[in-house]
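In the two assemblies presented below, chain A is common to both, partnered first by chain B and then by chain C.
== the complex of A and B ==
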């Protein structure tokens, strides 16, 4: 007969095997992201050698540069060469500047990470109390007002908010720099606060709605009624019976949002001239800098997959009904 | 319970502290741009501490033979390298490192003597052989080689003397000397490509400024005054900051964070600027907006092979409308091929001075057998305002029955169309050059840049142009160009539309620090003494 210890061991090993399986699937996803990025770049019209030399270049000069950049071999050979380099820990060199792609990513990724983390932190700080309070009160005018305001904020494009913010805070009042960045902390916050504010407004609109819906759903669950009947203490009731199970969808959404924000921050990085990875990716795509695009997309894929995985783990911790 | 309360309190304090820390520097946002130069400064009395230039592109290479990004890189390469001749603020070629020059009676031998005591920024002497090495690099680079096509050879007679031998007289010789491709660097450090690649990571300078900060992957480039230059620049430090968004550049200019902006958005012309602090102007360029038509064997559109159809295209476009509606009326419609700015050779060679003539266009289409029109694909680089032009052209040509599909592409793809695929039909683009003859050279010379792209050069036109390039009498040159532009309209494989321009903003006086006007690939910083006006 299975005892409690044995039962726990089974659960643990099943959990571990699921985690392992998920990890393996994540690596496979990252690999396919790399293949797709590699293929799409080669399918896109435009030649990196031409992009570098300009339309005035002679065909001989273009051919020579193509040879130097190993673009004259067939795509399969190019892919194999790239994959072998990847296994050796190299993402290649930029076709434009010959800078190692890893080094470029090392310079630009921290800027974007700061932007995303700060935005996420403040968005959570605002959305959880707002979403919870509105859902808890249940008063129609409040709910209606909340839905209307968040819908309006969601409809406003982030570049519009960014430009209006720049006009007000930078041009009119000179409270925020228009451009520039300082890599050291906390000096970089001076350049980040306005783009973080823009991001936070948009994220708060999304997350607070999810928190709101989640809490309204949770309130209808039977175990909540049971808790009330059992006379569970207020704070314990609120945290364990309402908030904790309601946060699971929020965490899953958050992990997804943080992953997509890696690419979505390109607009803010361009408007505020932040030297982030999103802006670097767009520049690389426009000049057909294959290794940079492939490297960045691979990193995006890996981070997104990792965040999604961590999000599911945390959601599982918050609510055991969630499947990994 | 008590423990939980303490934890909650600590968490709240930590949150507030972090929130407060993000407001660091909120009240002191703007970087201070130089205040020692302003709109009233003059080259003779200006001393500018720092000048901040907001650029669209990063500076990623300082070697003209290995360019990476856009015109800003060219401009910075120019200002931190030595030049035999250098463009002044008005785009005129002036002696820089050349002390004196003599030209033989037959105009085929030019002897230049360099100034004495010239040194690079690291103290290395500047010698005549450096110019020979630079010429060799240029002539083998295939970049705008047309500028030096008339040069036979150059030798360094001694450390200060250069002797140029020409194949035929070349009135535009000084313009060639002033090009950014002939920048001087220590010859023994750039005489092989491997050495040059290493050298250009941290080049020295015989120009007015020298490199202070150069990071090809960063958004900041700095150049400081070169203490070894023969004259004293009015500027101590030039900073180039990359601001890719046009509206952000405008905002930076408005709030005083930058001193100079190139390529402001069109909306900036409608802002009520404080004219005591800001100077915003459309800077006309030595270039023509134009419509090239593929004349090569891979032209897929049969209709465009007929010169009657091409002429009809030219007659049916509303040049004034394009310049007014797409470019805010900031530049002029053309009535001839060449750019219409400070150009004494400008000709109105188009029928009815380029004014739209739909009925004549329809007649030509009927004669060519296309009374019902045809379909056509117009390739357009996706630069600022160019997509608006494409829409207007589409409407213009619909009036003569042509159904246009707009193919908007980035420059890299357009380059592929021109150089590799060669099966494009018709395109919107521009043609720039330092002088009118060099511009016409691009179009009509046998080895011209655009003649190569379209795959055609009229032999008679090329001959007229070659003769004109060796003439010194303006009347004779004009006669040749009248004939040339007539041939140009008959063929109409290049359809001129208007003169190119850029909207620039500056908070210092003109003729102090700017790209020279016309032109955009070079940069000018006033010095004392100034470049000599011979």
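== the complex of A and C ==
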């Protein structure tokens, strides 16, 4: 005989085991992320030390750099050294400035996170009402127009949108500074609003499409019909029968998109000269500062793995039918 | 009466999504034709200095001249074969590698092997494509060749994931059982049934991936990591024109518009195909 409490326990334990399984898979992926970040430098044709110093470098300097990059031992030992250093919480030092890579990341990451969080917030604020309203109305000219406009918007590259924005707001009207940054809170919005606007436009066009299509899917579900037959109150019907189950795909997409956004902000930060982690990556690539490149790539990968774990978790919480 | 008009109107549209596919295809073909004709048979060459720098738009130079006095229209259309060609290679090579790996993985029996390759695929997919490409540039050096190599190394994993899922579904279908029962060799089943059914799925992804790869190629060039300046590539042209945005916006806007035109035309085709597939 199964009483109410026992039933709750079973659901809880299934929830826990699912989450645990997903966590283990995330850790496995994180391990591969680390291996790939390590392998990147070894994939390069030729000697990385020679490539950085140029063909005219002295043999002693090359040998020193090889030692610094741990290239003088066999690959397995190289990986072990890298792994041990990572466990000790170190990502090595920059070749250019010899500051620890971790503190470089600590300085630049907040700017990027600020940019992404602000644009995600505004994108959600816009796209959930837009997607819901259009799916709810279900009028075909409206749907057609919506899909055409978003199909156009999501194909426009962010750097082009950013430059058009700059042309209008910085060159013609001087409403946004062309470059520079201020780390204190209210002032930095003056520098951030245009990049945030560009990001928001692109994210809104993608997210509102997903909200739209998942609400259309949800409207076809049997439990919606059941809700109508049972005569559920209007607001309850809307929130629990339509919106809540529809948000699960949106959350999964959002967690995936925030990873992609990390890539997209590299270009935006370079255009607007924001001192974020993306611009740091481009600078490091141009001067072949290998430890910095490796460290930033690792951080990007780790953030993406974490985000997709959290996204799946929230989606599973919203809709237990989601496979995680 | 009104109903009659509506019925005729409905009959006139053959299938959902046709308008999108038609518009997108026309846009794309016209861009490719312009890219083949204007730089080769037009009055100017892409890298020739034909007039005064920063000259505005005129009848002779509809898109104006850039900071060195080169014709922006010729350069914009000279970018078509470069950008679309690199993007095409950057899509088709990963498409072939990924589909083969995915089918192989979907049909494999060894659990350790499946888990190993599967987690490598997850690991590669964990990185944002642009970030991985930028990082690998520092090891492979700049240039369009290394962009193609890098895209082949990184982008296959997305195709492999799709192909694997599809191959598992296809291999459980009844017609595969039928082919087995009829005693056809395994290779024939794979070639005649599994490959076509799996690749129809990956081709659908390849179309939308084409948009993404065009953006990665031009984005990398914009950052100065792929195409180098004298080459008429959209991303690097946009980056060059950026410094002169206040005095000569046409240097930046026209290559950017061509880039948008290419991406939007593909996006319309993808949109039309998804409507045809029974979406809204």
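Throughout what follows, the second predicted complex is superposed on the first by the 287 of 324 C-alpha atoms of A that agree within 3 Å, B and C clash if a C-alpha of one lies under 4 Å from a C-alpha of the other, contacts with A are read in each partner's own complex, and residues count from 1 in each chain.
Following the convention adopted for this analysis, a contact is a pair of C-beta atoms (placed from the backbone, for glycine too) under 8 Å apart; a residue touches a chain by one contact, two chains touch by 3 or more.
This structure is a prediction, so every number in the text was calculated from the model and none was measured.
Visitor: Figure out whether A:156 sits in contact with chain B (first) or chain C (second), or with both, or with neither.
Guide: Only chain C is touched by A:156; chain B is not.
Visitor: Touch check for A:125: first (chain B), second (chain C), both, or neither?
Guide: first
Visitor: Quick one: is A:36 in contact with chain B, with chain C, with both, or with neither? Answer first, second, both or neither.
Guide: It touches chain C, and chain B stays clear.
Visitor: Looking at A:148, would you say it contacts chain B, chain C, both, or neither? Reply first, second, both or neither.
Guide: In the superposition, A:148 touches chain C alone.
Visitor: Of the partners chain B and chain C, which touch A:301 in the superposed model: first, second, both, neither?
Guide: Second partner only.
Visitor: Does chain B (first) or chain C (second) touch A:99, or do both, or does neither?
Guide: Touch status of A:99: first partner only.
Visitor: Thinking of the overlay built on chain A, is A:242 touched by chain B (first), by chain C (second), by both, or by neither?
Guide: neither
Visitor: Just to be sure I read the superposition right, which of the two partners does A:211 touch: chain B = first, chain C = second, or both, or neither?
Guide: neither
Visitor: A:273 in the overlay: touching chain B, chain C, both, or neither? Say first, second, both or neither.
Guide: The first partner, chain B, only.
Visitor: Does any part of chain A touch chain B in one structure and chain C in the other, and if so which residues?
Guide: The overlap between the chain B and chain C interfaces on chain A comprises residues 45, 48, 51, 163, 166-167, 171, 270-271, 286, 288.
Visitor: In the complex, go through chain C and note every residue touching chain A.
Guide: It comes out as residues 20, 119-120, 122-124, 126-132, 134-141, 153, 211, 215, 218-219, 222-225, 235, 238, 242, 245-246, 249, 252-253, 256, 259-260, 263-264, 266-268, 270-271, 275, 279-280.
Visitor: Inside the complex, what are the residues of chain B that reach chain A?
Guide: Those residues of chain B that touch chain A are 4, 15, 18-19, 21-27, 29-31, 54, 60-61, 67-69, 141-144, 216-219, 241-245, 247-248, 251-252, 254-255, 257, 409-416, 418-420, 449, 453.
Visitor: In the complex, go through chain A and note every residue touching chain B.
Guide: 45-48, 50-62, 94, 96-97, 99, 103-104, 107, 118, 121-122, 125, 163, 166-167, 169-171, 174-181, 186-187, 189-190, 192-193, 196, 235, 270-273, 275, 279, 286-288
Visitor: Once bound in the complex, which stretches of chain A touch chain C?
Guide: It is residues 25, 28-33, 35-36, 40-41, 43-45, 48, 51, 143, 147-148, 151-152, 154-157, 159-160, 163-164, 166-167, 171, 212-213, 216, 259-260, 262-264, 266-267, 270-271, 281-282, 284-286, 288, 290, 293-294, 296-297, 300-301, 304-305, 308 of chain A that touch chain C.
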